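If you scroll down you'll find the structure; I have some questions about it.
Residue numbering begins at 1 within each chain, and the chains themselves are lettered A, B, C and D in the order written.
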Amino acid sequence: MSLSYYLVFAAILFTIGAVGVLVRRNAIVVFMCVELMLNAVNLTLITFARSTGTVDGQIIALFVMVVAAAEVVVGLAIIMSIYRTRRSASIDDANLLKY
Amino acid sequence: MSETLPADGLLGWSWLLIALPLAGAAVLLLGGRRTDRWGHLLGAATVATAFVLAVLCTVQLAGQDGAPADVELFTFIATGELDVTAGLLFDPLSAVFALLITGVGSLIHVYSIGYMAHDPGRRRFFAYLNLFVAAMLLLVLGNSFVALYVGWEGVGLASYLLIAFWYTRPGAATAAKKAFIMNRVGDVGLALAIFIMFAQLGTTSYAGVFGTVGTLAGGTITAIGLLLLLGACGKSGQFPLQAWLPDAMEGPTPVSALIHAATMVTAGVYLIARSAPIYDLTPTARAVVLAVGALTLLIGAIAGCAYDDIKKVLAYSTVSQIGYMFLAVGLGPAGYVAGLAHLLAHGFFKAGLFLGAGSVMHAMRDSVDMRRFGALWNKLPITFATFGLGYLALIGFPFLSGYFTKDAIIEAALDRDDVWGWVLGGVAVLGAGLTAFYMTRLMLMTFFGRARWEEGVHPHEAPPVMTAPMVVLAVGSVASGALLVSVFPLSGWLEPVFGEPAEAEHVVAPAVIGLVVTLVMLLGVLAAWLFVGRREVPVAAPVRVSPVTRAARNALYADAVNESLFMRPGQWLTRALVWVDNRGVDGAVNGLAAGLGGSSSRLGRAQTGFVRTYALGMLGGAVVVAGALLAVTSG
Amino acid sequence: MIEAPDLSWAALAPLLLVFGAACAGILVEAFVPRSVRHPVQVGLALAGTVGALAATVLLAGTREVTAVGALAVDGAALLLQATIAGLGALSLLLFAERSLDPARSAFVVSAAVPAGSPRDRELATVPRVQTEVYPLATFAIGGMMLFVAANDLLVMFVALEVLSLPLYLLSGMARRRRLLSQEAAVKYFLLGAFASAFFLYGLALVYGAAGSVRLSEVRAAVGTDGGGVLLVLGLALLVVGLLFKASVAPFHTWTPDVYQGAPTAVTAFMAACTKVAAFGAILRLLYVAFGTAEWTWRPLVYAAAIASMVVGAVLGLTQTDLKRMLAYSSVAHAGFLLTGVIGLGAAGTGSGLAATMFYLLAYGITTLGAFAVLTLVRDGDGEASHLSQWAGLGARSPITAAVMTLFLLALAGIPLTAGFTGKFAVFRAAIEQGAWPLAVVALLASAVAAFFYLRVVVLMYFSEPVADGPTVGVPGVPTTLVLAVTAAATLALGIVPGAVLDLAGRAAIFVG
Amino acid sequence: MSDFPWLLAMIAVPAIGAAVVAALPRERALLAKQVALGVSLVVLLLAVLTTLAFDAGGPRFQLTTSVPWIPDFGSDFALGVDGIALVMVLLIGVLVPLVVAASWHEADGGPRPVRVFFAWLLLLEAMMVGVFVATDLLLFYVFFEAMLVPMYFLIGSFGGPRRQYAAVKFFVYSLVGGLVMLASVIGVYVVSAGVLGEGTFAFDTLTRLDIDPDVQRLLFLGFFIAFAIKAPLVPLHTWLPDSGAEAPVGGAVLLVGVLDKVGTFGFIRYCLPLFPDASRFYAPFVLVLAVVGILYAALLAMGQSDMKRLVSYTSISHFGFIALGIFAFTTEAGTGAVLYMVNHGLATGLLFLVVGMLIARGGSRRIADYGGVAAKAPLLAGAFLVAGLASLALPGTGSFVSEFLVLIGSFPERPVFTVLATLGIILAALYVLLMYQRTMHGPARGVLLQEDPAEPLPGAGGGGATATATLPAPQRSLRVADLGRREIAVVAPLVALILVLGVYPQPLIDLIEPAVVATLDDMGAASGGTDR
């Protein structure tokens, strides 16, 4: 079975993530959608590692996970702080800065 | 035109003619109040000295039997092919004018000492008067058209300053402006003529231009001639630019006498006479000169019949008389001398008349309304006598100056021996009749009849410092004609300039002409006596008058025409343009700025502050970028 | 059995110094008593950055690819690293300013405390300072320096994150107007993560097409024909990620909000250093990896440049907040920088690289200075950044106004300031490459932009002072130092730029 | 003598002077004024000495100094003067001290420190000298743009009520032009790099490369637009009336008298020799703008009710004459145009100064607020008249010579345009005499009848406002006093110069002509005026 399925699947995941970012209000969920996009990339990387027969892809995937973890830490910290202030995780409420 | 000699002897100093009055003006203007006490004396002295010098120069000129002297002074403008040297040309023609200007000028300076005695601005007055004399001498002595142009506008300035001498009177200020503007219109013509000369001949000096003008195409020469004529009309108050001259009477009377009767207004005649070599080559331009002269002659005479303002009447008389001179010089070689003779004679009697009018006003508390004069002949005997002689000279009373010079012109006109000759001659004769009419009317209203003075007016004769010049001028008006025509013939003197006077066989015998003209003149006098002298002169001008009179009173609607044709449209245009500039041109600029601001705030709306909007924008951007790249690479 | 990669430690010295300082900073947080923490942290961070600066100077002329080809240490990388280190050090000085804010620091004591809560209100006044910002900033600086030297998409990605994550946090740490600060942090974080996802996906596609993420090998795969859909798509997504960091329209939307919300010192840091890093990466990516097929992306950059200049200039016109206005100005300048990028000929020839690097330096210095002036003008609630508050400043404190005017004129590109030299350089490069229409648009855009810089000057000098105007704080040593250096440099680069231009010219080399 | 760096000195002295003045303590206002006056007089002296050191018969550019400036751009700090630049420098040298003296009380009592005004004035002088003596295109451009800043602050800080609007308009307008020009400057550089291999900004070198005509047309436009904005040609002129009206009188004098001349200077120094083909190609178009400008601006001048706006419009009309002379491509017209720049500087300078003095007395810029002033202040009226007559180019004033040269030189090449332009002299007489009559002649009106001078008039101009504020109490009481000693000292030299140049202009012509001939040779035009 062809690898392109994986690529297409990954692309679909990525798109879902992207759309999620656009449509969801809850900061946490939005952030999870970003994570989904990252993981779609991981899948792509693994697939390509397979197809090109190199290990770089898998190594990169590992890097990505580490970075993603770091991102989660930072991200949640920020989101928490604003949540505690505003008592709401809706990113649409954070709308003081505009125009 | 005979070859010029290097100026030696006194002629080498002829630049002093201009320098002296100029220095006088400078001293008086810069000296300020310190010079108030003796300023007028200095002013008169400089001009008198200039006169003496002019006489001496003329004598020397006569000594070298009229061979013109060229006085190179310094390089004025020299660049590229243009080379204008500031220099003077002292030849019989300019000599005549120099004598007239300085002679009449010094008389009028003397007169003014008395006339302006009580005016706080007397020093300023003499400064301006000196300035005028200097400019006028430059005009007639310059050796190139550029020098002439400089003097030309110089006298314009002096005239402006003197007309507006009593500048607190709105009338005077406006009249001065009007005079300057209408002169400028003429100056444009003069300037363009000079441009053509340079473009075609590469020079602007008299010698250069007259030497080579023959090589030009007829059309070009005609163009030059017509443009020069435009200039002449502006300066000499000829149709269509005559309207400023009567208004110029707002100036002090000596000014009217010197500038607006004797000298400046005749500059146009000088220009045409000076440019004889050009006009000789272009019959067309000459024809136009004739037409202008004839037309103005009538306009002036007709308007002169209707005014009650003594100075205005004299002014229109001047317009009309200069019309005679134009007519004369328009006739070409045959008429130059006649025209100039009339110019000189006119210089004497018209100046005299104005000074007389001044003395009358002096007596009548500066009133100029002839309807409030009358019966002054025994109150102002000297004025009456001198004025009377001037009057007789002007209307061409036999064997006084006007008689000779005017007849000469009519002769010359008839000598053309064609239908136009008869027309012009007829017009001239008719003019003579009208002249007689309005001048007689003036005499009657001023000196005879019942005294119609405003109460509290006690006429008294002017002081000798004023009457003396009047006497001299009166003598001149009586004698000059005979002198110039027979005793000391002008034609001979001007021969170096205009060449041998062609000995034309007369179509009509001069005696006959003299007789006819005299008869017509007597008719005019008679008419005047019938209309004015016989009956009582109403103190207020009658309102219900014939259309002819009304037209004459409005100087044939010259001002109305100017206003409706130029002034009002100009004002509308200006107002319209101001609007265009603010709303249109500037509006476009500000509009652009406003547009940017507007689009800025509109674009700013896109910056909603919602993360998800931004993300959408980024996604859209990403799609576009990817799409674009794919498009570029695939196609 | 894995053999250890060969590392040329010398070439890595700048990076090692900075990262070392950063890690040490964390230890300091843990072990050094609070009383002395601040000076130690500041000293440490400055030592790291200034040391890095010195190291790059010593390394000048090096041209090598090291760390198994992951890093390219060449003229461009060193010059940009030096720029980043220098500007970073100046920004750290702004961080360290203690005499302007009555509470001795512009940073919140404890970001965890909810804004507006009683505890927060009590903390807002205590003169405790919070020192985590220094290691964070140092990490960001390290990430940026790594970013411009990355010869490998993976390293580039890691560097991107290393420089971004601390910035996300820093922008949320304002002591005053915390709500704005937090909002800025959230927006920056979410959008940044979103953008890096794009970058990463692009990386994956490139890897799939080229079989490697090493720029040299990518170049080989690209060839001159663009090398197929995958590579092109990959390039597109990578570029998106980078343009986001460089705040190029249409990926600029975060910039105004974050610049306005973040603590001014942090904004200055972002505006100056992030730009440099992002453009360093863009240049390297486009010319080392995709330089052989420049025809593919040139139109794109062309369009992006115009969009940025127009959006930045036009939107800047109606801004009423100085920080926001400077944000749009930074968008516009991103456009001008892209003009310089266009100015690079095929495979990095031409004066474009040097011009762009010079412009980065000039812009960094100028904008840093401008933001530094901003920190001086304060009212009860932190910086008085609203335009109306600046009315008549010229009368009240002429020096401040004069310095600000200098920076504004430089940003507007008036001759005898660094801004003009930079503009001239990039436009020359662009026109040399035949892109004169772009140059003309750029010039008109800068004319429009000049209009809003002038508005500030007009306010400061030509309008009468407002009644309850802001106070102009007396800056402490650090800010004074920053202002002096930036002002002097702005003038020097305008009047006698010869030496620096020459340096940039010699440094304009890519290896790898 | 000529190895002394005269030109550099003329830039450095005022620049340093500006720094010194700016550094003086606020309360030493009088000292600031004295220093400024001294410095400007030193510059005048330098300018005169430079003229003596200049050999009219010698090579085109003299007293040259050149040091490498930005090697990377191929640009040198190269200075040098030809006759054209020299007369402009002389003009600057003459005008600035007079402006300083005339503006003695300009900034007194105002909200802004006096020293700032004079510091900007001196800095402006340095920039203006630089712009004329630069022989390196980039250096010229740098001065060209930098020059805006001092003028911007002079207008904005010390101007009339609408000064903010005027200042920004002035700056942005000029900046747009300048930036468009920058594109062309770089374009020229790139072209030169293409031809010579090594790009350069050296004027001499640039004039020698022959650029492809199509490229020329593009590059020409860049330069032309910038210069056409500077020396306002219709329709790019609308900034000048605002700036001229709102600027402090001294600033207005330098703005119209010198700063705008950079535009016409640019035409003849850069447009013609660098882009000969394009110049010829666009000449008809430029001449149309010039002639339209002459008539259009003159008519507008008549329609103005604000004296300073009126004078600004007259200048726009005069700039039309200058452009006409330059784009007629004849020695006579070109020389006349350059001479015109000088004479217009003196004449309009005087006009602005006198109008300023009148406004300082009346406190209003509106013509309608005056009338019959001549009776109260004969000297003022006299100076006003001289200025006006010079502005309408009456023979005897310098303006006549230049206007005459421009017209007579243009006529052989462009008769139609010249005839139309000549009509302008009628309009000139109209707008000058109308203003003179309304303000000076007639019965006392407006401010002369004002009982209490303290209370400001309706529509009182800022220049006037500050000035009336500055008049010491005794002077105030009689509102329209005649010229004081200081004012006479300002007016007299200008009047003298105008008259002298009207009678004996040849020395200046001898300075200017060689440079003009060289320019026309550079563009291979018929330098002989007419080809008969």
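Assume a contact is a pair of C-beta atoms (placed from the backbone, for glycine too) under 8 Å apart; a residue touches a chain by one contact, two chains touch by 3 or more.
None of the values given here were measured: they were computed from a predicted structure.
Participant: Grab the C-alpha centre of each chain and report whichever is closest to the global C-alpha centre.
Facilitator: Chain nearest the overall C-alpha centroid, as shown: D.
Participant: Can you give the whole-Å distance between the Cα centres of subunit C and subunit D?
Facilitator: It comes to 44 Å between the two C-alpha centres.
Participant: Centroid from C-alpha atoms only, then distance subunit A to subunit D, rounded to Å. What do you get?
Facilitator: Whole-Å distance between the two chain centres: 65.
Participant: Take the average of all CA coordinates in subunit B, do the same for subunit C, and state the distance between these two points in whole angstrom.
Facilitator: So the centroids are 79 Å from each other.
Participant: When the centre of a chain is set as the mean of its C-alpha atoms, what distance in Å lies between subunit B and subunit D?
Facilitator: Computed from C-alpha means, the inter-chain centre distance equals 37 Å.
Participant: Send over the residues of subunit D in touch with two or more other chains.
Facilitator: In subunit D, no residue touches two or more other chains.
Participant: Give me the residues of subunit C that touch two or more other chains.
Facilitator: Only 186-187, 190, 194, 256-257, 451 qualify.
Participant: Counting only residues that touch at least two other chains, what does the list for subunit B look like?
Facilitator: 604, 607, 609, 611, 615
Participant: Quick one: which chain pairs are touching?
Facilitator: All chain pairs meeting the touch criterion are A-B, A-C, B-C, B-D, C-D.
Participant: Along subunit C, where are the residues that touch subunit A in the complex?
Facilitator: Touch list, subunit C to subunit A: 111-112, 114-117, 154, 157-158, 161, 165, 168-169, 172, 178-180, 182-187, 189-190, 193-194, 197, 200-201, 203-205, 207-208, 211-213, 256-257, 260-261.
Participant: Inside the complex, what are the residues of subunit A that reach subunit C?
Facilitator: Residues 7, 14, 17-18, 21, 27, 30-31, 34, 37-38, 40-41, 44-45, 47-48, 51-52, 54, 56-57, 59-60, 63-64, 67, 70-71, 74-75, 77-82, 84-86, 91, 94-98 of subunit A touch subunit C in their complex.
Participant: Flag every residue of subunit B that touches subunit D in the complex, lowest number first.
Facilitator: 29, 74-82, 146, 149-150, 152-154, 157, 160, 164, 167-170, 172-174, 176-177, 180-181, 184-185, 187-188, 191-192, 194-196, 198-199, 202, 570, 573-575, 577-578, 581, 585-586, 589
Participant: Over in the complex, which subunit C residues touch subunit D? Could you list them?
Facilitator: 354, 395, 409, 412-416, 420-421, 423-425, 427-428, 431-432, 436, 439-440, 443-444, 446-447, 450-451, 454-455, 457-458, 461-464, 496-498, 501-502, 505
Participant: Within the complex, which stretch of subunit B touches subunit C?
Facilitator: Per the stated touch rule, the residues are 593, 596-597, 599-601, 603-604, 607, 609, 611, 613-615, 617-618, 620-622, 624-626, 628-630, 632-634.
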